[in-house]
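Accompanying notes for the structure given below.
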Amino acid sequence: MTAAIFYILSAAALLATLMAITRKNPVHAVIYLVHAFFALALIFFILGAPLVAAWEVIIYAGAIMVLFLFIIMMLELTPGEAARGPGWQRWAPVILLSGSIVVCTLLLMTAEPQAGPGGPNFYASPRDFGYGLFKEYALAVEIVSFQLLFAAVGAFYVGRGERTRRRARGDER
Amino acid sequence: MITVNHYLVLSAILFALGTFGVLTRRNAIVIFMCIELMLNAVNLSFIALSHHLGNLDGQIFVFFVMTVAAAEAAVGLALMITFFRNRESIEVDDISMLKW
Amino acid sequence: MENLVQLAMQNVNFAAIMPSLVLCCFGMAILLINVFMPRGKTTSASLISIIALLVTAVVSLQGWNNPQFGFAGHVALDNFATFFNMTFLLAAGLTILMSDDYLRREGYPIGEYYPLILFSTAGAMWMASGTDLMTIFLGLEVLSISLYILAGMFRHQLQSNEAGLKYFLLGAFSTGFLLYGIALLYGVAGTTNVADIGLYLSAHPAMIGNPMTVAGMLLMSIGFLFKIAAAPFHMWTPDVYQGAPTPVTAFMSAGPKAAAFAALMRIFILGLAGLQSEWTSLLWGLAILTMIIGNVTAIYQTNLKRMLAYSSIAHAGYALVGLVAANAVGVSGILFYMLAYTFMNLGAFAVLVLAGKKGEENLTLEGFSGFGFKRPFLGVAMTIFLLSLMGIPPTAGFAGKFYIFAGAIKSGYIWLAIIGVLNSAVSLYYYLRVIVYMYFKDPQEDYSWVSMHTGAVVSIVIAIVGVLYLGIIPGKIMEMAKLAIF
Amino acid sequence: MHDYSLIWLIPFFPLVGFIVNGLLGKKIGNEKVIGAIGTLAIAASFVVSCKMFFQLLGDVEKTHEVILFSWMSVGQLQIDWGFLLDPLSALMIMVVTGVGSLIHLYSNGYMHGEEGFYRYFAYLNLFCFSMLMLVLGNNALVMFVGWEGVGLCSYLLIGYYFEKKSAGDAAKKAFVVNRVGDFGFLIGLFTLFWALGEHGVWTFQFTKIAENAHLLPAGGVVVTVATLCFFLGATGKSAQIPLYTWLPDAMEGPTPVSALIHAATMVTAGVYMIGRMNGLFSMAPDTMMVIAIVGAATAIFAASIGLAQNDIKRVLAYSTVSQLGYMFLAMGVGAFSAGIFHLMTHAFFKACLFLGSGSVIHAMHHAYHKAHLHDDPQDMRNMGGLAKKMPITFITFFISTLAISGIPGLSGFFSKDEILWWAFSSTRGGWILWLIGFIAAGMTAFYMFRLVFMTFFGKQKTDARAKDHVHESPLVITIPLMVLGLLALVGGWVGIPAALGGANRFEHFLAPVFEHAQETYGIHSQHSLHAFEFPLMGCSIGIALVGIFLAWIMYVKNPELPGRLVARFRWLHTAIFNKWFVDELYDGLFVNATKRLGRYFWKGFDVPVIDGIVNGVGWLVQGSSRVLRFIQNGQIHSYAMTMVLGMVVIVAVYVFK
């Protein structure tokens, strides 16, 4: 059972990735990449990492990829929508991917939670994860918190728009 | 029977695809996406190994990789926006004023 | 069930991360202060940063001969880390000293600059004191991300944008390899703790030859070799060094390089000692390649920042020789060399900072014609730094190369040492050319725009003193470096 | 019990002078203060040198090493900042600080009113510091520091009038030529280092090198190669064939600099270095022969060029090259102490000659300046009859001329005769070497007296408007002249040979340094030839007198004779006057060839100075530099590709290993 799910998900991840790295249109690439991340999240779930799987969806697919999408839209990087072939050809891969991912999700939801393949049965509940994180990785948490703060400061500075700058000049005057 | 090696192979293929994308795509944002893909391939390795070894460290590593990726994304995209503002392009072929 | 806070606190030993903590706190304080400062007034921020660095130096020195461990074996403030911390602080201090007037001249008096430098210094410290691949990786990222921002800091200059973006894309790319390597090593040893990896490998010698171990080692080294700017992972260096703001370039050439060396040394010598024959043969080849590519390509450069970038590649090659030797002399030689390199290279960059016009179009060989006679102090200072970069006695560069090549000879890598010496001979060519232009070309300009800003002059003086001190009396620092290695 | 621990003060004082004048000179501004600081610094080290010298004179133990502190140590290789005081270095520090002090004093007057006065004194002090390090260093690396230091100061001082293009060019030339020499020095040093290391002795220390030199096979390839490389270094620094061309051009620097650096001290560094390593050189008879031949050839070659020069300083410059040739001749035939003896006497009389010429130039310059003329103050054809106008300058100059010409009783006679005698009689000498030296001696007497006659005798040929403005220089200039003139007169008396009833105390003083090698390798003057000693001496006195007589006939008695001779032997005169076209030859061979090739390869690319030295390696390196540069094409893709390819190659190497 899990073997089948694994193969389906692997195929989905590979297909999504292949599509992502070959699309001309960056928006399409983002969409396919999001699918790849969904597939990966499900694989993480199989491997007994439900929390990481959730983050994969929330942070990667949810936050980072949307940020990408946002930037692509903002910079208007999408090439003109010249139709290449019939519509179903363009939509088929996405539908196939989404469909298989949804099916796998449903299957996994009904299956045993600890049903990981191979190795010792290992399942990290969010509680285990939290204990592990704060017991041994307190320093790392500390560092990434600084990291995020300063990255935000830097990104804010670098990405600041022209208008802000002009206003800043006005202040000096 | 699915073993850890299956996962590692999948991870390696994804990593290679990501690398391939970095080497072939022209759009800097897409290149960065491919780099994210490489990171995710590594994440898969970590999770698979964590499961295989039965310890949590791998999962926790993935957590930090994600955090760092988020920080990188923020900074990287900000840099791309500024570049775009000045150059009206985000193609890597145009990021070649400094050379020789 | 234990209280989570208690759980978290039981491993904490703030003494072990005090230096980086102090830096971060000061960094945040400066961020706050900036909010209340009028725009363009950054002098106070730079002064506070200097104070921060001095305080950190004092705090860091507490760790000398008084090693502090903590955070479940993730960090150690030992002699090794302390020595490197001092190098980073020095690099940051000289950088900040030369920055204030420079930023004003270039029209970017930005308050965020100083906290970012402090923060990247903290990242370097985490790299040097990290005893877990996690800490080292996070330190590397902290350092890199701050530097991406700093390199691209001149927002309206295409060159700076390009430098930041290039550094970012290639840096993130190399991070991917680094992480993959870490993942594989984790898979082999079941831990990311450097010492535990070492223990595992010595307990399971069969795993040493395992392709996964070797592949992990190789992939992980790429991340560090990228930061060190070792060929063939050096390609970003010239472009980024040229495009980034000059003080940032100065910092990049010293701080991150030393940090990456620190991490690489700790991992290779402590964690991967079992694979020594593998990594020496890897570094042997890369050291030669790096020296040759750096020196040979530098010959053609006319832009001084770019030339110094290639020279920095070459110097990475020299330092790698010490790691190939992997004996006490060679390894402590790297510590010494990094310190010496910090002095001489930052000194040279400080001269460039003062000599440049706005936009720095004039930092070329031609632009330095007759500079030595028109600006005697800067000319002499530049000459001293260049002599040191060449490795002419009695300067720091000579002593550093001496120790490293002596280490190589001691370990039997005589040819490596000879190639190193030959490369130094090649390097004479392009360093001397600068001196020739400074002293033997007719001045085209009167260099009236060069004003001797206090900060930059102080950093030049410090660098001169350091270069001469390390060159004339290297014994004492070398003794310390020997105490600092594992 | 003798204490030498204060020896570090000797280089220390000039260093302080350099730092004070270099850092604060511009602020001080007052010439008197700056001059006083500079002069007192070197005078102080002269006092210390005197103390050390006389202490050593009364000491039984003649070799003292004073370790200041450790420089670098790796395993058994220990390199110190240490000083070696033995008779050789003691003598050298006396010459350097003594002559140095006088020239500093002189400079106070000569450089008066020059722009960058403080810079001049700072450089001069730095030079003294470096020279003293070179001389006193107890190991080859400290010597190398000094060696590079004196070179650096030399370029800086040659290029002192950097606004003048010729000065800049001269500095460049000195720079390039000296690089070639230094390269030789370093190769020699490392060859020696390795060779001794093969026998388990890792050292740069001179005493240890001397002790362990016997480990290497005498006359073997290693020793010969190493010493030849050292000698190449010496030819660069000491202006011997083929690297002598920079020295005459170096006269573009201020005259006191020519006196100190390019006559008395720095250019003798090569001679000193051979003396310092005499044990090693004695082991390589082939090298010694090369040195003797090169020395003799330089002596006669430079002397011949000196015959026809009209610039007063250029004549002296070629004379210096020629006299240095004598010293190398002495070293080559194993007459080490004679070579050093000549080094010392030469320092006296040549410094005096240069300073005297400086005094003349100063006066002429002053006179032209007053008369608003722009004639060349260094051209002897504009001089004449200055003896009456400048009596002190004339007398001291004349004494020194007598000394250099080898008139009995004066310093030059004893040292030069000693060299000629050894050239003739040494086991490593030969009569041909003597003959060349002998002819060169005649030429020396001729061109020196030509100079004296043209400058000081006859009618004053100076432009009438400037004539009356020529007068004697101030005391600060003439005092050093008088002291040096006196030394030129009596300085040789310490080395009167036994044959003339003297004790040759000089040779005995230096014996502890040279005796061992000379005895071990059988270098001595052959007994069978002792009968020739007096006749040879007579011959050399004779040829000196002949030279003087010819000069008198041609430049005093029959002033039109030279013109007729020139007309008769035009080709010869043209060749000599143009320095045998060596500069042109070098230009054609090296400099121009490089430039042409350079233009061919990359048009419009400015070929910098150092490109002047063309060699295959250089081209290879430059070519690959060009290729490598283009790999760096600015494209992120190719950078990432390089990384990936690099990784693939590395992995492949591991897989297929």
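Observations on the model:
Lettered A, B, C and D in written order, each chain numbered from 1.
Keep this in mind: a contact is a pair of C-beta atoms (placed from the backbone, for glycine too) under 8 Å apart; a residue touches a chain by one contact, two chains touch by 3 or more.
Just so it is clear, the model here is predicted, and its values are computed rather than measured.
Simply put, of A-C and C-D, more C-beta pairs touch at C-D. Distance from each chain's C-alpha mean to the overall C-alpha mean is smallest for C.
With chains reduced to the mean position of their C-alpha atoms, the one farthest from subunit D is A.
Centres computed as Cα averages put subunit A at a distance of 34 Å from subunit C. Averaged C-alpha coordinates give centres for subunit C and subunit D that are 43 Å from one another. As a whole-number value, the distance joining the C-alpha centres of subunit B and subunit C reads 25 Å.
Once the centre of each chain is set as its mean CA position, subunit B and subunit D turn out to be 65 Å apart.
Each of the following residues of subunit B touches two or more other chains: 18-19, 22, 24, 28, 31-32, 52-53, 57, 60, 64, 68, 71-72, 75, 79-80, 82, 92, 95-100. Residue positions of subunit C touching 2 or more other chains, listed in rising order: 134, 138, 141, 145, 148-149, 152, 155, 164, 166, 169, 173, 238-239, 300. Residue positions of subunit D touching 2 or more other chains: 629, 632, 634, 636, 640.
Chains touching one another, given as pairs, are A-B, A-C, B-C, B-D, C-D. Residues of subunit D that touch subunit C in their complex: 22, 69-75, 77, 81, 119, 141, 144-145, 148, 155-156, 159, 162, 165, 168, 171-172, 175, 179, 183, 190, 606, 608-610, 618, 621-622, 624-626, 628-629, 632, 634, 636, 638-640, 642-643, 645-647, 650-651, 653-654.
Partner subunit A is touched in their complex by these residues of subunit C: 4, 7-8, 10-12, 17, 24, 27-28, 31, 38-40, 70-72, 74-75, 110, 112, 115-116, 119, 122, 126, 134-135, 138-139, 141-142, 145-146, 148-149, 152-153, 155, 164. Considering their complex, residues 629-630, 632-637, 640-641, 644 of subunit D touch subunit B. On the side of subunit C, the complex with subunit B involves touching residues 134, 137-138, 141, 145, 148-149, 152, 155-159, 161-166, 168-169, 172-173, 175-176, 179-180, 182-184, 186-187, 190-192, 238-240, 242-243, 300.
Those residues of subunit B that touch subunit C in the complex are listed here as 8, 15, 18-19, 22, 28, 31-32, 35, 38-39, 41-42, 45-46, 49, 52-53, 55, 57-58, 60-61, 64-65, 68, 71-72, 75-76, 79-80, 82-83, 86-87, 92, 95-100.
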